[in-house]
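Chain naming follows the written order as A, B, C and D, and within any one chain the residues start at number 1.
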Amino acid sequence: MTIRLRVVCPDRPGIVAAVSGFLFARGANIVHADQHSTQERFFLRLVATLSDGDSPEGLRAAFEETARRFAMEWSLSQPDPTKPVGLLVSRYDHCLLDLLWRFETGELEGRAALVVSNHPDLAGVAEGHGVPYHHVPVEPGRKGAAEAHMLELLVGRVELVVLARYMQILSPEFLEAVAAPVLNIHHSFLPAFAGGDPYRRALERGVKIIGATAHYVTEELDAGPIVDQDVARVSHRDTVDDLQRIGRDIERVVLARAVKWHLEDRILVDGPRTVVF
Amino acid sequence: MTIRLRVVCPDRPGIVAAVSGFLFARGANIVHADQHSTQERFFLRLVATLSDGDSPEGLRAAFEETARRFAMEWSLSQPDPTKPVGLLVSRYDHCLLDLLWRFETGELEGRAALVVSNHPDLAGVAEGHGVPYHHVPVEPGRKGAAEAHMLELLVGRVELVVLARYMQILSPEFLEAVAAPVLNIHHSFLPAFAGGDPYRRALERGVKIIGATAHYVTEELDAGPIVDQDVARVSHRDTVDDLQRIGRDIERVVLARAVKWHLEDRILVDGPRTVVF
Amino acid sequence: MTIRLRVVCPDRPGIVAAVSGFLFARGANIVHADQHSTQERFFLRLVATLSDGDSPEGLRAAFEETARRFAMEWSLSQPDPTKPVGLLVSRYDHCLLDLLWRFETGELEGRAALVVSNHPDLAGVAEGHGVPYHHVPVEPGRKGAAEAHMLELLVGRVELVVLARYMQILSPEFLEAVAAPVLNIHHSFLPAFAGGDPYRRALERGVKIIGATAHYVTEELDAGPIVDQDVARVSHRDTVDDLQRIGRDIERVVLARAVKWHLEDRILVDGPRTVVF
Amino acid sequence: MTIRLRVVCPDRPGIVAAVSGFLFARGANIVHADQHSTQERFFLRLVATLSDGDSPEGLRAAFEETARRFAMEWSLSQPDPTKPVGLLVSRYDHCLLDLLWRFETGELEGRAALVVSNHPDLAGVAEGHGVPYHHVPVEPGRKGAAEAHMLELLVGRVELVVLARYMQILSPEFLEAVAAPVLNIHHSFLPAFAGGDPYRRALERGVKIIGATAHYVTEELDAGPIVDQDVARVSHRDTVDDLQRIGRDIERVVLARAVKWHLEDRILVDGPRTVVF
């Protein structure tokens, strides 16, 4: 039986010795470990196989004392290829298609449990992959009702929400109530172009590189912890259509990496930033 | 004799035929040409060798009529490996060293005519490469006097000014009076971090990519036409020192490319953007 | 009516003037043009709109004289969003899925006319996108028969053949008889690993970058003109599975770019190399 | 006092617990650690500060028993900014200049102890940086004598040899006798072009990406463990000169990273490959 332990705590001597000693004494075998220290904060992720008689629950209970001693924020999880993920989309299909395919190929450790959209357009795509599709329109002035409906569909049923080009802003109340991490993908440029129609403005400014950023969603719009980023070179020869096409290719790959890493418990969030092991 | 012709004008039928027909009739041979159209604007750069009896002056006078007909902004130049370039620096030496080396190897079509700095630190570097170094301190409240001194050193003596990590903001009056294009390099991130200490803030935010942008300097700070950009991946393992080191490596290469392209007359500026051929 | 003209010929004075003068005299308007010269060889691609009374056939006939004068290899084509493309696959679906999606979104100027495979596995994928699927097994010692069958399916019915991870080597006879360009995608590494199981060997050698190359297929295996390449960084932390996954992401994007450029008549082949405009 | 411990050994349970427990018991504090397992092989690098009364020698002696128990290949080192490095060059100066600058800025944990060259050309460069320059010509048929002379200059005087574009092949006897690791940089392409004049051949083949590989030198030419690689996009617009210039920019950065990582004891060599922490 394989477990994954993630730890974030103040840095001080003896953490690794304590954790590895604890696991060794219990007969667990560390098969992979990553750690990082900023001198102030200490980050650890390890994968271990338990001894025959042991269980995650037993280990979790026994680890409490060590965790308390070092003031750890920690979590202990198990790989689970059936982990349910909720996908939110609007009208663009590139991220949705890409994620559905990666779930099917087994690249992503989980399953697409449902798709929720404020538009009906992509119902065929989801259902063609055997995934239930829920059309929850967001009518002007009635966003609260829409979010309430979405919460019914999601809460307790998914362990991760992925905004696969979902173009509505989620309220702080929704983010709190949904009780699962929410990943988002958005375009990003050097320099940044906030606001509408960014590709046209990037073109007008003659940018030479465009990119995309995957991040956790927090109350502050587009300011949540960054999980991954990537870029591509562009030139004056690229039209707005070209930028959008190139942008789509970056977005789907960056979002897929973020989802993959999240599902493999590789991401440690520490305030405004992530450490990805 | 080789000439370079750059043209920006409203797009309409017949421009290429008119220009190439003009050159062919005059016995000039086009050895390289690039053109681009946004449908509204037309951009052309071509390199041609003149016929034996012809001269750039003669060609220039004869081309006036064609240029007027198409409402062209245009320039006709000749390659000149002795084109004088003024380098402005503060304390960081990486861009200065890199440019001096590239001038010496012949990579850059020009010569380092002088170095101006608000600090004395890099005098040895410049003079070691045989380039005069002028220390023009910028004292609080006396920036006008410093800029006046710099103008004396630069005006009429250089055809390009390169801010090779010059950390003072140049006034609109200086930019107008210097009467030469000014290239600058600055760091850039996804998302952007304006203001001080950007590498520390990028680290705190956990960015995964850092970059640099070379641009022409205009009155609006850091908003001039972008010439080139590049990036590198970073991770939580990189310290602020690492980010600065990696940033330096990007900065010097991006700035060198911008200087090279400028000196080869490859850059066509059109309002807030560039077309680089 | 829009036409595209591609020209490769020995470089000498007057080509551009002749071509643009010819088009201007005929009332055609050049909307886009790219040219390149190696001093020995001259390359030109231009897009023009014809005058009202003109036709591609008329232009073609009239251009013959100019083409002969400069010893041009040339072609004149028209954009055609229904251009039929044949896709050959084996068992990997990532390139096939990606191309089918791009045909549907209109990114690619053409249509998937049929899929041919030496395995039955991907029939559902093709048919789910409304594209006929032909299973042509290649039995040991009976490759000639299989290729004959494939030629029946392809010859005269497709204008481009794309090997979207088709794992059989095509005979020189097939390549000649198919009478359409054939594009292929294969992995590539620094340094190269020819032969079987390249990802495992790349891992054992500790490569830090993997890549993919799209190229035209010629008689000499994997040595045809390169159309595009791309790479990604990898590390010791990546397993063979990771390398394959990352490799798939590169392959599908690089192959899609090559197909897109081919269908837009952007690629000029000159012996062992391409110029992509 | 800071030490670095590097370990490569067969993977089995208890290694981390044993090492971290050993260090904790001795009062040492782990400030940084990286580990990696291929399931068969285990790799560990850690940085620790010793307790006040402890010494590297004491730690080394005490660790012997643990090392033996797990059949470790291991080394224990200390950061030393004066570590002597020997640089071998021929005529190209870009890597030499770059390394000398990085030694001076403190980016590299060591010092340039001497430069050896088979040409006299770069004497001024080395001496301008205060580094002794030894001209050891390699005459036809007298390579053994040249290598013997170089060994006199290097053996026991440097802890690392860097071939900063040294164009002579070193004999197996030299590599054995020099008794220090030797790092090299060479161009690399997709696909690879072995043999002479690679940039011209890459251009003729129309490659779209060029690169460079830093590796340890072993008896088998250019087949030693890869330390780092990087690439840049090129196009038909780039001449052989451009490819060489772009190649130089890649080479100096990749070689500098390899030297930096080596001097910081970040590289663990395991047969034909490296793990870089």
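The criterion applied here is as follows: a contact is a pair of C-beta atoms (placed from the backbone, for glycine too) under 8 Å apart; a residue touches a chain by one contact, two chains touch by 3 or more.
This structure is a prediction, so every number in the text was calculated from the model and none was measured.
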Query raised in the report: How short can a chain-to-chain path be from subunit A to subunit C, counted in steps between touching chains?
Result: 1
Query raised in the report: If you average the Cα atoms per chain, which one ends up farthest from subunit A?
Result: B
**Report entry** Separation of mean Cα positions, subunit D and subunit B [Å, integer]
**Finding:** 36
Report task. Report the inter-chain centroid distance for subunit C and subunit D in whole angstrom, where each centroid is the mean of the CA atoms. Result -> 41
**Report entry** For subunit D, residues that touch 2 or more chains besides their own
**Finding:** 36
**Report entry** Interfacial residue positions of subunit C with respect to subunit B in the complex
**Finding:** 13-14, 16-18, 20-21, 23-24, 29-37, 39, 233
Query raised in the report: In their shared complex, at which residues does subunit D touch subunit C?
Result: 36, 43, 188-192, 203-209, 211, 213, 222, 225-226, 228-231, 235-237, 272-276
Requested in this report: Show which residues of subunit D lie in contact with subunit B when the two form their complex.
Outcome: 93-94, 97, 101, 107, 128, 245, 249, 253
